[in-house]
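Across the two complexes that follow, chain A remains constant while its partner is chain B and subsequently chain C.
Right, the complex of A and B next:
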């Protein structure tokens, strides 16, 4: 007999795709919740709701990963779930150490997911280590509370519908001496979700909602009555003032003196069970008692069944392979090659955005109909060509307008808030600072700034690298900070904001800062610049040297207690996205790295220019203006051509010479002034052709090594233009030292 | 034609159940299967009046209205008092499962399960439904002795 599921017996490929995107969302959610718990813990509180959210997340992950055969993940989830269950049922307390374990689990989850998708190795040994560590968390017994619950005038049937967790929360609240309230409320079934959210928000400051009971039998009506059981400190009057509405009634659950009629469920409640009973679920078959007679014998577990591996399910760790180094403490060993890149290729879209797109498609369909009619008319002899042309022009304008709307709409769909990356970075900060024994606060602004999904994905690793560097090399340890009169806790600020067609991200720390002299010395030692060249560089140009390939090794970076590990990699990655990195630093005060990125990579607006009869495209986002070249304004300074524009001097670059093309023989030339971040350069071109919206195509593998071009584009009339990588060109032309690519000759002697 | 309501807050678990129930061999055997999905208890309540259903499958651990409360609600409704009802939940919630059975669920399948296990138990429940099931006869599966 064929498997019930799709094809491979795993519930279908589509379901499997759903699994990856859901799992990723769950893991991201876990990270956020853990940060919330961490925050609460710093303020000396335990957020029980968050603990339960984390439990539910892991619980769902466990079920899903086992369902879809991701056994490593299932094993990890299984053990985590045990610990989290202890946490939420009050058998275990939230501690920083325990949070560490949970944070580690979140990062392992991400790596397992990546590995499952076929990228890289699964971190098996690290999972084992974590499992051992989790197994060692011990639980403390909780006191009973059954007697106390019995004092309340509660319907015994209530306990038949409480989950174990809800029952625990009820007990726990009662033990703390809180009052119980019964809120009866009637909602329209259609709008219950939002109405309930409102109610929850007004109830939250006054206590904790234990459960929601739908009362009545109305499966066939439009409204539903809920009985909400809530525990709180205040009086019933206060609660009545807070939760208002036409269909709300609130009363306090009375306490009865005797405490009689204890429901049987309470007697064998959670607290009275020996702790082991509920924490070793796989050790024994579940007790289904009281199993009514006539129960069908369960089918035996088939081989090939998806199940948690035994090694992972053993809580005491006895069957887990011994691991001698449960946890490394070296600064870089713990998170090797960790990547924050997400495994999901999906984007969640607000349905309204799609509705808008659909409307535009409808408009385009109308234009299409009009064109069909027009072509019918054109075929008939009687048609007046001029009239047809006018009509066609009108249609063309409408078409263009809708196309532009559509383009804008689709771009918007691709946009995701940077907060998605920032959340992950917050975890990295926490983890690394704890590993290194440094105290760091991360201050984030502009998390809502939106940028193309593709860029967000590519951005997470470079940002992580920079933050790692900042904590590792820039932020001083507490004692040192106090010695130099800084606040004991270091700060890393992550700021994002939109600036025109660009998004700017700043990573700023209040650490030791960099010494230009030190950097220059290292650069000279490494042969990146000569001592003479270095002497002429401005401090800013010196800092830029830190981004040069070959500038750093770990040893040197540590030597100068500055930064530099892999900064060239950061720069390369950012450049690939059409962005630039700028660095500013003050010794003893701190360092600020600024990344400027285009908002999207998909469609760009360019200025088409002609050089030696060939067409080139320059992204308009980096073009400031284009002016006629006035030869009399050109001077040569330090063997570099410079012109004066409105009183300011501007270095210029002759693209024909740079690209080794025949020189221009026309009387007129133009200068296109481009700016990326704070650097400006004038590009000399023969002709300005016009503005266009283009789609960039990659140059293909054989031309991959050619720098200075972002790609090529088809212009629709069988012509192709190369798209200049303005950022790279500016970088190359203005950077100190010699040019390292293209046939660029120093522009000497041409005035 | 069989109509099945699946109440489960995980979208991929729902997709899994749907894939099993809509697999051609099973669907043909059952004379066609329509799956309705509810992502939470309220969704389920909204879908209940659109019944009758030949089978309701529900998770326990869900936000707001939990599966137990939903089972009680379903059983109180005249239209769904005897509809075969399957709990899919993980082994952890033993006590929860006991309560679910006490509230009138007919069967329990432990997560994780294979497509084949789900298929078998649904097959049994669907044929029991035709025979107008009397008081609940729990069927369980997913974990052997």
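Right, the complex of A and C next:
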């Protein structure tokens, strides 16, 4: 029934898959460009290039979605295209209100895509609303300017070949009082591409190239003469100094005699300065700086007096509020103007990496040939078994080495920068802070930190929840911040860095911080812990309560957070990735949530253990050591077994009991001591089988309710071993609150 | 849609449009002494049971996981799923799997493939619409996974319980 839903679920529709990934890329790109526009707008400029990028993106989306019958998306794109075309041609100007609409469109795009994939409802009514709002914006002329153009001594035929866009640029440049220059250049056909680029580069600081056309008067067949029309503020002498060359002639386009200067009335309302111009914003006509509030504002939204929270300008090192800038070292600081755009959007692979992999495959083929030869020789009786064995050993070593290289190479291919997900977050920050009327700077460091593609995909939701929480709950409103002596604008720092085999992501805010007493009180009220239990918790354990399902300190849920569904989702998603979440907070100073994740999920080194006759794998990354279980060292404290290891106590967990497996009756048992973040737990197992590199596979959706397993792996003899989710198990065993939720788990009862 | 509905007789209305007219192929198998059949289009593969790895804390109907060419597949014990007698002891999977037993790799085109353990695979039946009784012919309320009863013409006494795999795959 759903319009455009045809073809959904028709298995193996590869083209449709490609549509989704391409559309998603485009939508992500739109979001980035809009942030860029927003940023430029705050500095009082309209970035013409970005408007064009957005227009092109929407245009492509329109074609793409029409092709795949996603009519909702095509319809929305069509309407957006109109608005963007108006923007591009200067019939409309960029305002915060209009940007709001565009950001809304981006989020609707994502939701339509999700709905098309079959997860969730299509936001039809919201699209309708947006279409209406967009319809109200279009066709708001900002003043002609044709008269101004007519004052110039330009060939009337020129106007016939100018595109509407070029005409608009010409007009708006003239309105800003810039002069026009005509540059004639003769290029050799062989080098025209690079030569033209060079010329553009040297012209850029002095103005904007409006158009270039061949003059048709080429002296010979190997050269071509172009006439370049350029608008600039400087004099013709300055331009002549900048653009030099043997075949260049530059002249100013003169005004027709009698033409007056541009009437000021025409200047008003034109807010577009090309990004290339070197003119400082202050030099622009004063009418440009304050944007007319509400020009394109949807009804009932206050925009005029709220300082637009500055998400994107965090890229600009200087504009960051001087609150705290952890780890913002010179080399790691995000490059202004670059970070939002310089991200790869899918796993794009450097061809050299692939070449390297190919070379390794070649090496492996050689090993294979050698093995074939060897097996032939082994079959003939004459062969010396010892010699064969030596040869085989040598081959095996070579094979192992190449395999390791291969693994490393493939892992590298899977790595993508975290910037991919950080970009989306910048958008979220802008949107939420605007909706809540709070002012927030997002400071990003370490966007270039690389992590497995799979993990990046799964990270966006948890991080978004955390950021929402930070803005909604932590960052105070301006008046309150000023009262307590904080900078009026809040800061959220998003830091990423690599630490050994892990990637650490910190979300830090300088908001109100969390009060352990308050959290404990809420947890008791919500029935998560009893008052007695709460009294025994360390502050750190108290903070961990905030990650429990159903926890919220807000009495009234706001639109985006406060429903108590945020933080527990964060924790669940992170532990699914084999990561841990830690929280530290100081009342009145701020909160820092730290996520520690493995760099890759693809190939992991595990310890194989046997429990009740079954093999399980434990990721070595979280295993500290394995020791023989010494029964005399075990004490039962508060119904929990604790073992003394080298003078320190260590809680232990009998996995056979936890998993409801038949109890072990062996005389010897082992304790595998695992550590995740700062928590340690000893797992009692029957046997240590050995180490292995495995490829971990996810369990099917039918088993998603089963806790404690990160996946499974094939051991080579058709047997499958489950991989323990050590972080989740530690959490389950050690967290007092959560243990109560486990009571209903059938397997525990069976033990 | 409306025009399609008009051409349907009441008897056929219980079945899906795709099954009308031409004969449909069903794969028949034994389960606790009864004959069952599923649309062969929904069976991707018939496997000799490899070692099945039990998943602690999973639902009792789940036997465990197997690896099918590098992919993990959840295996469901159909006997347990249908609450049939003689449910084998879960803890001792390997011993109870008969050499005739097979795993049907069920795939209805949406979501994941699930392995269904059956006692024995028999044959393929091509059933015409006339040879299929709707589930309500059994009288009373039938579970969602029973799609109908197959009575192949000229095979007196052969009764096939036709299964709809969708509900089984949705909640194994």
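The rule we apply is simple: the second predicted complex is superposed on the first by the 395 of 751 C-alpha atoms of A that agree within 3 Å, B and C clash if a C-alpha of one lies under 4 Å from a C-alpha of the other, contacts with A are read in each partner's own complex, and residues count from 1 in each chain.
Criterion: contacts are C-beta pairs under 8 Å (C-beta built on N, C-alpha and C of every residue); 3 or more make two chains touch, one makes a residue touch a chain.
This structure is a prediction, so every number in the text was calculated from the model and none was measured.
*Asks:* So in the superposed three-chain picture, is A:662 touching just chain B, just chain C, both, or none of them (first/second/both/neither)?
*Replies:* After superposing on A, A:662 lies in contact with chain C but is clear of chain B.
*Asks:* Counting only touches as set out at the top, which of chain B and chain C does A:719 meet: first, second, both, neither?
*Replies:* second
*Asks:* Which partner does A:193 contact after superposing on A: first (chain B), second (chain C), both, neither?
*Replies:* A:193 contacts chain B only, not chain C.
*Asks:* Which partner, chain B or chain C, is in contact with more residues of chain A?
*Replies:* B
*Asks:* Based on the superposed arrangement, let me know which partner A:417 touches: chain B (first), chain C (second), both, or neither?
*Replies:* The answer is neither, since A:417 touches no partner chain.
*Asks:* Once chain A of both complexes is superposed, is A:588 in touch with chain B (first), chain C (second), both, or neither?
*Replies:* Neither: A:588 stays clear of chain B and chain C.
*Asks:* Between chain B (first) and chain C (second), which does A:699 come into contact with in this model arrangement: first, second, both, or neither?
*Replies:* The second partner, chain C, only.
*Asks:* Let me test your reading of the model: by the given contact rule, A:408 touches which partner, first (chain B), second (chain C), both or neither?
*Replies:* In the superposed model, A:408 contacts neither chain B nor chain C.
*Asks:* Quick one: is A:66 in contact with chain B, with chain C, with both, or with neither? Answer first, second, both or neither.
*Replies:* first
*Asks:* If I apply the document's touch criterion, which positions on chain A are contacted by chain B in one structure and by chain C in the other?
*Replies:* In the superposed arrangement, which is not itself an observed complex, chain A uses residues 9-11 for both chain B and chain C.
*Asks:* Can you name the residues of chain C that touch chain A in the complex?
*Replies:* Where chain C meets chain A, its residues are 50-51, 53-59, 62, 64-67, 70-74, 76, 91, 109-112, 114, 172.
*Asks:* Quick check: in the complex, which residue numbers of chain A touch chain C?
*Replies:* So the residues of chain A touching chain C come out as 9-11, 614, 659-662, 697-703, 705-709, 711-712, 714, 718-722, 745-748.
*Asks:* Any idea which chain A residues touch chain B in the complex?
*Replies:* My answer: residues 1-6, 9-12, 14-16, 18-19, 22-23, 56, 59-60, 62-64, 66-68, 74, 81, 85, 160-164, 166, 189-190, 192-193, 196, 211-214, 216-221, 224, 265, 270, 278, 281-282, 285-292, 294-296, 298-302, 304-307.
*Asks:* Provide the residue numbers of chain B that touch chain A in the complex, in ascending order.
*Replies:* My answer: residues 9-13, 15-21, 23, 25-26, 41-42, 45-46, 48-49, 51, 60-61, 63-66, 68-74, 76-80, 90-99, 101-103, 107-108, 110-120, 124, 136-145.
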